[in-house]
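My structure is below; once you've seen it, I'll send some questions.
Here the chain labels run A, B, C, D, E and F in written order, and each chain numbers its own residues starting at 1.
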Amino acid sequence: MQHLSIFPILIPLLCGALMLLPPFSKTLQRQRILSVIGTFALLISSAFLLHQVMMKGVHLYALGDWQPPFGIALVADPVSTLLVTLASFLGFAVMLYALNDHDKGGAYFHPLFMFQLMGINGAFLTGDIFNLFVFFEVLLIASYALLVHGGGKPRTQSALHYVILNLVGSSLFLFGLGIIYGTLGTLNMADLAVKVGSLQGENATLAKTGAALLLVVFGLKAAMLPMHFWLPRTYASATAPVAALFAIMTKVGIYSIFRVYVVIFGDHAGELANIATPWLWPLALLTITIGTIGVIASPGLKTLTANLVIVSSGSLLVCAAIHSAAATSAALYYLVHSTIASSALFLLADVIARQRGQAEDRFVRSRPFMQPKMIGFAFAICALAMIGMPPLSGFIGKIMILQSAHTTAESAWVWPLILVSSLAALVAFSRGGTTMFWRHNGNSNNDVNTAKPLEIIAIGLLLVALPLMVVFGGDITDYTQNAANYLHDFNASAYDLLPGVTS
Amino acid sequence: MEGIYAFSVGLLTACGVFLTLRGRSFSVVVGLTLLSYAVNLFLFASGRLKLNAAAVLGRSEQYSDPLPQALVLTAIVIGFAMTAFVVILAMRARADLGNDHVDGQVPKPKPPILQKGNTTHKAGGGQ
Amino acid sequence: MPLYLEIIICVLLLIGGVFLLLGSYGLARLPDIFTRLHSPTKASTLGITGVLLSSMVFHSYQNGSLSVNELLITLFLLITAPVAAYMIAKTAIHHETPPLDKTKNAHLVSKIRDRQAPKENDEA
Amino acid sequence: MLNWTLFIVAVFICIALFLNLWRLFKGPTISDRILALDTMYINTIALILMYGIYVGTSLYFEAALLIAMLGFVSTAALCKYLLRGDIIE
Amino acid sequence: MKSLIWLPFLPLLGTLVPLIASRLSRTACAFLTAALPALTLFLVLSHTEAIFHGERFFASIPWIPAIGLQLAFRLDGLSLLFSILILGIGLLVILYARYYLSAKDSIGKFYSYLILFMFAMLGVVLSDNLIQIWFFWELTSISSFLLISFWGDKTEARKGARMALTVTGAGGLALLAGLLLLGHTVGSYSLQTVLDSGDMIKASSAYPIILVLVLLGAFTKSAQFPFHFWLPNAMAAPTPVSAYLHSATMVKAGIFLMARFYPALADTDLWFMLVSLTGLATFLTGAYIALFQHDLKGLLAYSTISHLGLITLLLGMGTDLSAVAALFHVMNHAIFKASLFMAAGIIDHESGSRDMRQLNGLWKFMPYTATLAMVASASMAGVPLMNGFLSKEMFFTETLHQASLGSLSWMVPVLATLGGVFSVAYSMRFIHDVFFNGDPINLPKTPHEPPRYMRVPVEILVALCLLVGIFPGVIVGHLLYAAASATLNGSVPSYSLAIWHGVNFPLLMSIIAMCGGLIVYANRRHLFKFQAQFPVSDPKLVFESAVQYITRRASQFITLTENGSLQRYAFLTLLLAVVMTTIPLMRLNATAGLRPEIPVDALSITAAVLLCLSGLATVIWHRRRLLSLLTLSVVGLIVSLAFAKFSAPDLALTQLSVEVVTVILLILALFFLPQKTPKESSPRRVVRDLGLAAFVGGTVGTICYALMTRPLDSISTFFTENSKTGGGGTNVVNVILVDFRGFDTLGEITVLGIAALGIYKLIARMRLYMPSGDYQGRPWAEDKHPMLLAVISQSLLPLALLVSAYIFLRGHNLPGGGFIAGLITSVAIIQQYVAHGVEWIKTRIKLDYQIMIGSGIAIATLSGLGSWLFNRPFLTTWFDYFSLPLIGKFELASAMVFDLGVYLTVVGATMLILANLGKLTTSERPTQQEHE
Amino acid sequence: MRVFPMPFHSLLLFVVWLLLNNSVSAGHIVLAAFFAIAIPLFVNGMRDEHPKILKPWRAFRYVLMVMRDILVANIEVAWLIIRPIKHLEPGFVAVPINIRSDLGITILASTVSLTPGTVSAEISKDKQWLYVHALHLEGEADLIHLIKTRYEAPLKEIFGC
């Protein structure tokens, strides 16, 4: 299976293309079948890739048979593969959910979904910084299109902001890439990492400006303060499956920050070593702060979840700022956890909103649920996970972050902030949960939508992952530890990816 | 030459940024387009400027750096796709929201501040 | 390059350059949109033809074989320039742009705008 | 001689371009401006061809051809917009 | 001793039992539910003997070593004591609840939550790992939340549960921080290691922080002042819950924590100060307030607070026997308070009220229950022969021995006695006001004795009160010793558990308390009157309004910052970008580098001036939209000229064709958008934006110049060297696009395709405003499709297609390629749309643009997949030269197929966008009035 | 479907391909032939019916004549531009036209725009009148006569209507 590492990109790409062609383009039913098969195949191949990487180590795939640094190379390493698997898992679960007629609110849901997955997986796998830009654009344009799925004023409004801001971001990305290429003369990330170490004087100064711009770009994707504004409305207004899939979008920005500022501008970058750190610290902490305030202020479940996504982004940025293997390991664990949990919560919010009639997902008195036990149970799991309370995965991630932050001088800020953000989430969830589940008037209306089996399966699939992440926490943290060590090991993450170049 | 080029890129960027910060979707789109011109020129310049050196083998003694050109090409296409999308989205926003302000609602104009001693002000001519 | 060729090229270029300049000069100078329309549609077509011909000669010499692809540009321009001018004139008339005061038969403008036939007695 | 001629003609065309721009800015009607833009396309074609002669390459021919083709399309579209508003109806 | 691992999990398994068994009868359900806890209790008790002999049991399996969490349990005296309380009282509560809960309450759910809580609590006391303690600690918060809010449809229950969760949750987080710091300081999260490192911990600089954080956890959980307010509000829970959680177990978790970490954290001045003062304050506050409660459960709740304060005070005093006394009182309090709660529950259950102003003279109706309650109350008051008396006596003794307040230490016994006074008073009230004091007033039901088995738990507990009170040594001596030994991590000072120590000072204090209490109760009316002068601040309301205040302020802040203004967001983004870039840039010594510059020529100056003027004009005229579009076109034109000039013909071609399509799109948009932009930016904003724009532009220009004037050593020579030999083409840019970096191109056309799909989606439900006239109000011209344009366009189409074929075919070797060709084709077709309209085209052209996009992407991908057949990576190209008679030598390359995919996608995407946009207006033009 | 639905266009395409490539090599002739057949087949549906060129030779002569006229007209116009504006006497003229086919009218209008100091401004709805703007209108009748005889007549001949 020498081509395995490109499967996560090609499967959704081909599925997406096929859906535009007869016979699949003719009926939604056929597209659904292809979607399920496609996402499942994606999941299987990602999992298999993960297994291969665990067994045999990093897999370098030189596209077009052009060896790095000249051609574009895909790098299936413990970090990227983990994220690809996560994205594929999310894609599969969310797709199951979407099948319950959520794909009917407009044309091309299925191909767009596939392309979105392709973009995400590509961004994770690529080892080339310009190719990263291209995949960013793939996932962005797909997300723009998916965002307006279902129509309606709020969606259009938030999409406009989202799109324009990201277009500004893309411009900045290209400025940054121009500077990077203009000073280093290469695009392969490993090659950049090797070359940046020898930059000196004015070239180094110029390269710094490029690195700074890239941080802004990734920060925008990751909803780093002051570029987080777009997120709450955008996520809250998106259709449920779209919002659920978007849960991983901020993580692409986070991932890029780790990839770029650990490997390229990391400890070995000479004059450019760790240049992001002084910016990341205050911005990350402020991101948590503002996310926390948002959590408290959230009037409804979707906004709450969106703000929690900001908090988790902030926490992950803190890990990036700490800049140690332990922190990276914490980030990887926390990232997987928070993605799954927020995704599940977005889906659940939709189920909740549908059953509560006019109240939707807002924390106000409403008619009772039709499936209170099941929904309540799922809600409790999501809430506990998001707050970071035992027995669900959130607490492990949070503890890992706290522990890794302890070695830094900034821990006096990190600890209280992260703990207070947990408390805020606790307050918000207990307020929202008690209101939604227990403050009722009228009777449940039997005409409204109950959660359908596929929806339940989808949410269940995501939710099952959370306790499993605790039960198998030892193995998973072992894995993230290895992945983090790999990322921080300059020989492994740079020189080994450049056949013909040795340290 | 490089100076002129850089100045032009800077000016285009400034123009693009200013328009991007306006409140109406059309201006913003025009601003983004200007910005993308600037970006493309900038990215192109990262391979340094060369005259009479098109990267077509056998056509000249030296070749300009083909890589940024390929990158700019990709960037142009992607930029086009994005511009197209945002243009239509702006139309859609106008259709859905009833106006073309990027925030979906026209901000209420602030009442003019009357200043003392401003004799030319219309409000002063009431007597 | 033989001198005669160089002279031909230079003359063609100069003709082209002069006409192009004249065309743009007319555009800038002439008093109303209708008169301005003339200069680019004509002067510039000739001007560009001059430049194209010189380019043809030059490249034919340089490549050592006949280089005639520039003719295609001329072809395109000859096909499109009148229609472009027509469309612009149509726009100007639609916008009720007043022609120069001394324009003869200025009353026809309203007929043109409505694409009607001129009255019989107008021709007399 | 060729270089001198090229220089002179280049100056002509530069002046022409400035005149076009002046008309474009001045107007007064939108038709004038479109006309100015259209003329500018033509002058640009000349400029590109001359540059091709100057550097002795035919690589820029296609650019000139494209301007000739596309300039018309955009002029037509602009006029159509002024006439009908909707250019594709 | 691996079975210890499974011990706490038996109840966890047990949470499922009631859910399943709830279909059976309530009694069966209760018994089945009780089975596993009973088994657990049995297993725990089976270790008793060994533990009494000083043994401790440990068991662990690794879990998540990365965070120092391992599944580690220990069973020593302290855990034994608490385990017995948890399981023993738990079993009684199960029995009691069987009768307490009404038919409409889901008993299965109740039992399930209860057992979950039992599991969590057991986990806390059995843990031998810091993080694991916290793990279970938080579980107790969660399960208690579920229990308190069992009647969630009542506002009281929701608010009470929320408050309890918030306060204990906050404490839990502080505890987590404390435990993490503790583990970090010690270097291990193993509890035993931590307990053995007391000196090192107390010497470390982190000790004060650790202590404060851990105590915060303990104090919130044990309702210590000033965190005590949640406990009375948690009384909204069903009474079995109050009996179990809020008297016997959960609130004792904080006490347990202090006891557990006694060897590690206690015995410092800071500990004494914090713990004893908090305890004292809580003891007094609780006792005082309890007297004024009219709610039976309220009285018990405050009494609980007071007793917890007493225990805390004991733990804080640091005298020889204070810890032993504390543990003894934990036991005693659990017994008498649980029974009191149960009694209160019976009263509530059988009379329908808990208000002591209504409840009077119940003796007549339920003498048996009254007797039980009175015995338990007497224990609470510290009457001799009751277990409460013993521990209170020990407490008084220790207050006399402590010196925690220095020269003010004498105040402790005085205040303790004062607390005792109030304890007696409220205990008195519980007995007198409920069972005597006249007749009941307006009770909803006529009271009577409860069902037989509802009394059993109370009977057992009351019996224990007496047994312990009379035979302390026999009943609990060993247990207490073992617990004390575990708490102190070794040596236990000698003490005696006799009921009579002779006439001494503590006895005097008891007598004072007893008499004082009676006096206070007798004169309670004056006291009530006095207390009534103070404004009543319900902690629940205070808490709620505090939360609401914070929420409101947060909302205000969010609406202020996230005001939905894109202009602000974009401004901030750009500002951050420019600030971050200029800071390093300022260290650049000289803008210009050493690379020689290209000399300036007239043409370039002209182009630059045109570019700049047009750019500025676009800005200046941005409110006159069509004009800005014209100047924008000029900018685009000059940009493509620049590409041509600086040796990038491919770029020039692409830019030109993209430019036209963009302009057409913008013209389309112009029609559907308002024609003009109103002037609405304030001068200040304009200046601000101009400033930022200039800042950004200046930075970009500077960097651009600095880059261009410095030499670059890049990888690009590889491409020029390998383009022909490896990629089979002489146009290096194109070879990069279709071969070296074909993957980028594949992504790029995917972007284009997606954009088209997205746009189609946007258009699908669009309700357009179609202006009936242009911006000057002029009606549109009638001539839809001018004949000249139509005819000419028809003849242009084949030519344009030919040109695009030409551009396509030459791309690999000369400027051109699939993308430009595709755009030319699209423009040619668009031209037909402009000239003829959608209807005309629809009947004549049968292209499915969506299929073109799909097949384009598919073809490009499949051309890349072809290389798999030759065992090469994706997108590996193949090319070769062939020769045919007549035609001569020619090249075939797989890159051409790839380029074909590009071509198809471009045409499909562009046309899908434009043609569909056009279709919107075909059928008829409903002239919709502008809304502005 | 015929192989050459648009023979004139096929020819044009064939020539243009060779022009574009500056080559008459066998390979390019094959390609030219291919496109000359393929493109019209594809485009044929996108065309309104137009009259055939009945007299190709006459058409060729017409083209040559127009080219000569363009040269002359351009010089004339150039002169008019440089001259003081006050001498300019612009004016509109309505030219009655008899040619009936759209293609014919279009070619006529285009020719008029390209040649004698005139720009076609509009064609009346009934396609009976060609409105022309002349830069320097001295004799209205002369101009009408010139257009009708010099351009319209040959076009009618060429297309036979």
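Simple rule for what comes next: a contact is a pair of C-beta atoms (placed from the backbone, for glycine too) under 8 Å apart; a residue touches a chain by one contact, two chains touch by 3 or more.
Owing to the predicted nature of the structure, the values given are computational and were not obtained by experimental measurement.
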item	value
Given chain A and chain E, the chains that contact each of them	B
Between E-F and B-E, the pair with more C-beta contacts	B-E
Centre distance in Å when chain B and chain C are each reduced to the mean of their C-alpha atoms	33
Chain D and chain F, separation of their C-alpha mean positions in angstrom	22
Inter-chain centre distance, chain A versus chain F - centres from mean C-alpha coordinates, in Å	62
In chain A, residues with contacts to at least two other chains	130, 134, 137, 141, 144-145, 148, 151, 160-161, 164, 168, 175, 178-179, 181-182, 187
Contacts with 2+ other chains: residues of chain B	20, 25, 28, 38, 40, 42, 45-48, 51-52, 54, 56, 59-60, 67, 71, 74, 78-79, 81-82, 85, 89-90, 92, 96, 102-104
In chain E, residues with contacts to at least two other chains	564, 566, 570, 574, 629, 645, 649, 668, 670, 699-700, 707-708, 712, 714-716, 719, 740-741, 744, 748, 751, 754-755, 758, 762, 781, 783, 786, 788-789, 792, 795-796, 799, 803, 814-815, 917
Chain pairs in mutual contact under the definition given at the outset	A-B, A-E, B-D, B-E, C-D, C-E, C-F, D-E, E-F
Interface residues, chain E side, partner chain C - complex	778, 781-783, 786, 788-789, 792, 795-796, 799, 803
Of all residues in chain E, those that touch chain B in their complex	564-567, 570-571, 574, 595, 597-601, 604-605, 608, 611-612, 615-616, 618-619, 622-623, 625, 628-629, 632, 635-636, 639, 642-643, 645-651, 654-655, 658, 661-662, 665-666, 668-670, 672-674, 677-678, 680-682, 689-690, 692-694, 696-702, 704-705, 707-709, 711-712, 714-716, 719-720, 723-724, 730-733, 736-737, 740-741, 744-745, 748-749, 751-752, 754-756, 758-759, 762-763, 766-769, 813-815, 819, 909, 913, 917, 931-932
Partner chain E, residues of chain C touching it in the complex	72, 75-76, 79-80, 82-83, 86-87, 90, 94-96, 115
In the complex with chain D, residue positions of chain E that touch it	602-603, 606, 609-610, 613-614, 617, 626-627, 629-631, 633-634, 637, 640-641, 644-645, 649, 652-653, 656-657, 659-660, 663-664, 667-668, 670-671, 770-771, 773-774, 780-781, 783-784, 786, 789, 793, 796, 800, 803, 807, 814-816, 820, 824, 827, 830-831, 833-835, 837-838, 914-915, 917-918, 921-922, 925
Partner chain C, residues of chain D touching it in the complex	1-2, 5-6, 8-9, 12-13, 15-17, 19-20, 22-23, 29-32, 34-36, 38-39, 42-43, 45-46, 49-50, 52-53, 56, 58, 61, 64-65, 68-69, 72, 75-76, 79-80, 82-83
